[in-house]
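Read through the structure below, which is laid out as structure tokens, and then see the notes.
Each chain gets a letter, A, B, C, D, E and F, in the order it is written, and its residues are counted from 1.
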Amino acid sequence: MIQLFTRDIGLAVRSGGGFGLALIFFLIVVVLIPFALGPDQSALALVAPGVLWLGALLACLLSLDRIFGLDYEDGSLDLLATSPLPLESVYIAKAAAHWLTTGLPLALAAPLLGILLNLSFESGKVLCFSLLLGTPALSLIGAFGASLTLGVKRGGLLLSLLVLPLYVPTLIFGAQAVHSASLGQTFDVPLVLILAISLGAAAILPFASGVALRVNLR
Amino acid sequence: MIQLFTRDIGLAVRSGGGFGLALIFFLIVVVLIPFALGPDQSALALVAPGVLWLGALLACLLSLDRIFGLDYEDGSLDLLATSPLPLESVYIAKAAAHWLTTGLPLALAAPLLGILLNLSFESGKVLCFSLLLGTPALSLIGAFGASLTLGVKRGGLLLSLLVLPLYVPTLIFGAQAVHSASLGQTFDVPLVLILAISLGAAAILPFASGVALRVNLR
Amino acid sequence: MNSTSTSKRLWDAFWQLANPKVFMGWSGRWLPWLVGLTVLFLASGLIWGFFFTPDDMRQGSTVKIIYLHVPAALMAINGYLLMFVGSLVWLIRRQHVSVLAAKAAAPVGMTMTLIALGTGAIWGQPMWGTYWVWDPRLTSFLILFLFYAGYIALWAAIDDDDTAADLTSILALVGLVFALLSRYAVLFWNQGLHQGTTVTFVDGAKQENISNVFFQPLLLSMVGFGLLFLTLLLIGTRSELRARRLKVLEARERMQ
Amino acid sequence: MLKVSNLSVARGGVSLLQDVTFEVQAGQALVLRGPNGIGKTSLLRCISGLQTPTSGEISAPESVAYAAHADGLKGQLSVLENLKFWADIYGGRGPEAALLAYDLEDLAQRPTANLSAGQKRRLGLARMLVTGCALWVMDEPTVSLDVQNVTKFRTVLQAHLQAGGGAVLTTHIDLELSVESLDLTGYIATAQSPSSAFEEALE
Amino acid sequence: MLKVSNLSVARGGVSLLQDVTFEVQAGQALVLRGPNGIGKTSLLRCISGLQTPTSGEISAPESVAYAAHADGLKGQLSVLENLKFWADIYGGRGPEAALLAYDLEDLAQRPTANLSAGQKRRLGLARMLVTGCALWVMDEPTVSLDVQNVTKFRTVLQAHLQAGGGAVLTTHIDLELSVESLDLTGYIATAQSPSSAFEEALE
Amino acid sequence: MIPDLGKYAVEVIGAYGMSFLALVLVCFVYIRRSRSVKRALIAAEAGKDA
């Protein structure tokens, strides 16, 4: 499991799809927002928490279909399935690698990018914290969706369709936490709820994904 | 060329990635916006033009790496390159198929989705019009980016990185046109500029992409 | 003693339905009656509601929309629950009939969701002055629509039937958990304009919030929508079973 | 080591083989033969646990080393890294012996994407050695190999058998191995046999 | 039909072959032989125009039919649709004759993803027939084919040659074709030969 | 015939029209699929016996 995790991270870094790219995508979304919405500073500060969360979500989403897709196409997944490693562990290793290369850098960079959108540093800290708690859920749910759409070619959009409604609660609580913080209100309830979603996803989804992978390889 | 175009559309429809899915992704982005930004109607109307354009752009973006990617991986692109069809035509056919399955349905659905974000029907019409003129540019530029990142595995994010800055002018003029319309101002200048971008892209990019494809296959 | 054995016999008889042959026979026999009942209830409920109810003092004639809106909303939710149960039974007991019923339920459920959304939107314009607000109940329905769309799209995207059955069932299971979570999240996020539930059944009796004039045709119409759902469900499941049989025959053809 | 009894195999809802029965003991190899599309690959997938047979019994070791038509190698990783990865996953032997056996030392640092078809296949075969599994299940292992490398494969396989391993393989060309072979043409399923209980119930 | 003179071939910056010279006339076929990794695939890619040689001349017809290691078939399309697509692209003959030649009529409506390895390969070979090109460039065409289908391939190739076509192919097994063959081991590039003018200038 | 719907006639009739359209459409789709599958199955079973 550890080996698979490190291999996946190695592959991500090696093929130029590592830590940097998710970040840069995030940056670009943040940069495009003022173009799309107009440059008014106070308006930007108002939308900043939501936009940053949405950007993180989309950055995750863009890289989902590669979680299992590449291994499926070149036959590695068949071989992994016949190896002593259970498919549940394969799922966990891959979701973890995805989080480390996507969610973690996004969470760490978010407070800095928040400055571009006129977000206060205090809110930025809450943003970072909420992303740290929430992006594991995004990776776990996303990898689950990827395991469902494995056999479908051009499954990218289907994957988005399946996964996005599942992302709704995480997004709501995440944006809510930062929003409350930026208004000076308490924000611990949404944070706890995000954590609960991440933990719940980690508890249930490995089994669901294991079954889905086995079915898809059949 | 026509054959390649119809084959690609057939493949998109057959694999469940046809007209419907880009639409549904667009719908989902529109649905997520209020979760991220809060449910206030008047605030939503303000951001609606920009957000709808951004949504269309992201819906395009998600399907870009499949434009050439699938054909590259299974070896069809090698075979197409040795066929009498010039690679420029391959590019045009693929960009056209991408537009027909992504851009066109998005443009037609945008006024309806605008309602969800409290956009007036008049502005919706302008939105539809600006998307009709602008999405060809998105598909053309996107397919160009895809031809550049062909050989890169997990190139999805790299592709986004390359393409997003190229999308900026289209996005600015597109959002501008709808924004002006929603404020009751004239909007013909940005529309003409979008048209110019689309035409310019159609004139120049086939050659650039042809070269890029040839280099990538070498 | 006796009662347990009766319930056990009933239980066994119920599982007999999972046999495609038994199901085809049973559903074929009941379908004509069901169609008749559906037409009866739906027509009487809607005609009564549309023609023979007074206008509400605040809402004017728009109150008549309730005879479509509420039953459709009800069936949209029940459809999802049915899909969930069908999927669960498939995953546990590998009964094809149940998963095919879930498959057949999805498009009807999605249509019901669309009707609830559409009539709600049309109702919203005169009542709230806008077609759409991000009210929790409305939002939940939009998410429900997405769940239906995803479920149907996943069925459509996978060639092999048993694979598709397994994967869509997993999706339905995980989806329900997240649908409930979304409902909670949405309530947390926004309070909203939509009325609370006024049609409640407490000990079989209705509460006083809604007057009998409106309530009786509404009840008929709700039963009608339910029957319509059931009819379409049976027709759809029968088609799916036949389609499976057709595939088997074609496969056999291929071998010769 | 491997015992297959009365196995029926289907793929995509079509019955392919029925009543396949054979046994592979430690030190033995079995070559499955049969024309294209008869169901060799499907049978091997059943044996390695990827697919469930429609009926019959398979008793195989907990973990087997399966080599499919596709090699499952990562183009961006070097030859050595690919081998190391699989060695780690199986917790098996180190990659040195495997590199040596297929003469891959010179290529060890090359990215796998830049190998020729035959070099990739050799790497795919070397993978079997690092798994440390006793039973090898191989689908046309010698595709794209030149004559010299086929000889190499034969030597490796024989060493594996001598060490008490077993193997099931398919091939269309003559490998000049002195092992038993089983012609699957005798086991083709008849059109009547339904491929699942559900289909039976539909009749 | 095809004339290759003094060709030097490199791949990934490494010189592989040098001074390769041969000619294929209408009605002739040439089998290229050589161990794994010598540069057969690279040479064929040069001939079909995918790669540029470092030096030397190739005179080949405008459009050639190239069959690579990978088949380039679309899994979601049926066998017939795949053939039709390539027939349209090349503006060549209809797919009926090709289906007949490789006995694919029964599979015509099957999605290509559900074919076995040998069936896919047969479809890949049938593709050559619909191109209508005179020169066939084939990289290990008989991989995964059973004995019967190899015979079929031989018949088709001979008919193609008789009709005035030409072919260059590589193989590791004996195809029992009575055509000329060229062993590439004689043309291995010496370490000295630079793989491009730029490298030469660096000397 | 049609009751007096006051100033909301368009809304009410629109809602009923839209709902009927949707209901008729699903019914139509379900019945058509049922017919076509049934026909194809009968044809296939006849072919099997022959």
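Some notes on this structure:
By our rule, contacts are C-beta pairs under 8 Å (C-beta built on N, C-alpha and C of every residue); 3 or more make two chains touch, one makes a residue touch a chain.
Since this is a predicted model, take the numbers as computed values, not measurements.
Each step here moves to a touching chain, and the least such steps from chain B to chain E number 1. In terms of C-beta pairs in contact, C-F outnumbers the other of B-C and C-F. Relative to chain D, the chain whose mean Cα position lies farthest away is F. Chain centres here are Cα averages; for chain C and chain D they lie 48 Å apart. As a whole-number value, the distance joining the C-alpha centres of chain A and chain C reads 33 Å. Rounded to whole angstrom units, the spacing between the C-alpha centres of chain A and chain D is 37.
Multi-chain contact residues of chain C (touching two or more other chains): 143, 146, 149, 153, 157, 189, 245, 252, 254. Residue numbers of chain F whose C-beta contacts span two or more other chains: none are found.
Residues of chain A in contact with two or more other chains: 11, 15, 152-153, 155, 158, 161, 164-165, 168, 172, 218.
By the touch criterion given at the top, residues 143, 146-147, 149-150, 153-154, 157-158, 163, 166-167, 170-171, 173-175, 177-179, 181-182, 184-186, 188-189 of chain C touch chain A in their complex.
Residue ranges on chain E touching chain B, taken from their complex, read 48-52, 62-66, 68-77, 81, 85-86, 88-91, 127, 131. For chain A in complex with chain C, the touching residues are 144, 148-149, 151-152, 155, 158, 161-162, 164-166, 168-169, 172-173, 176, 190, 193, 197, 204-205, 208, 211-212, 215-216, 218. Of all residues in chain D, those touching chain C in their complex are 12-15, 189, 191, 194-196, 198-199, 201-202. Across the complex, chain D is touched by residues 3-4, 7, 10-11, 14-15, 71, 74-85, 217-218 of chain A.
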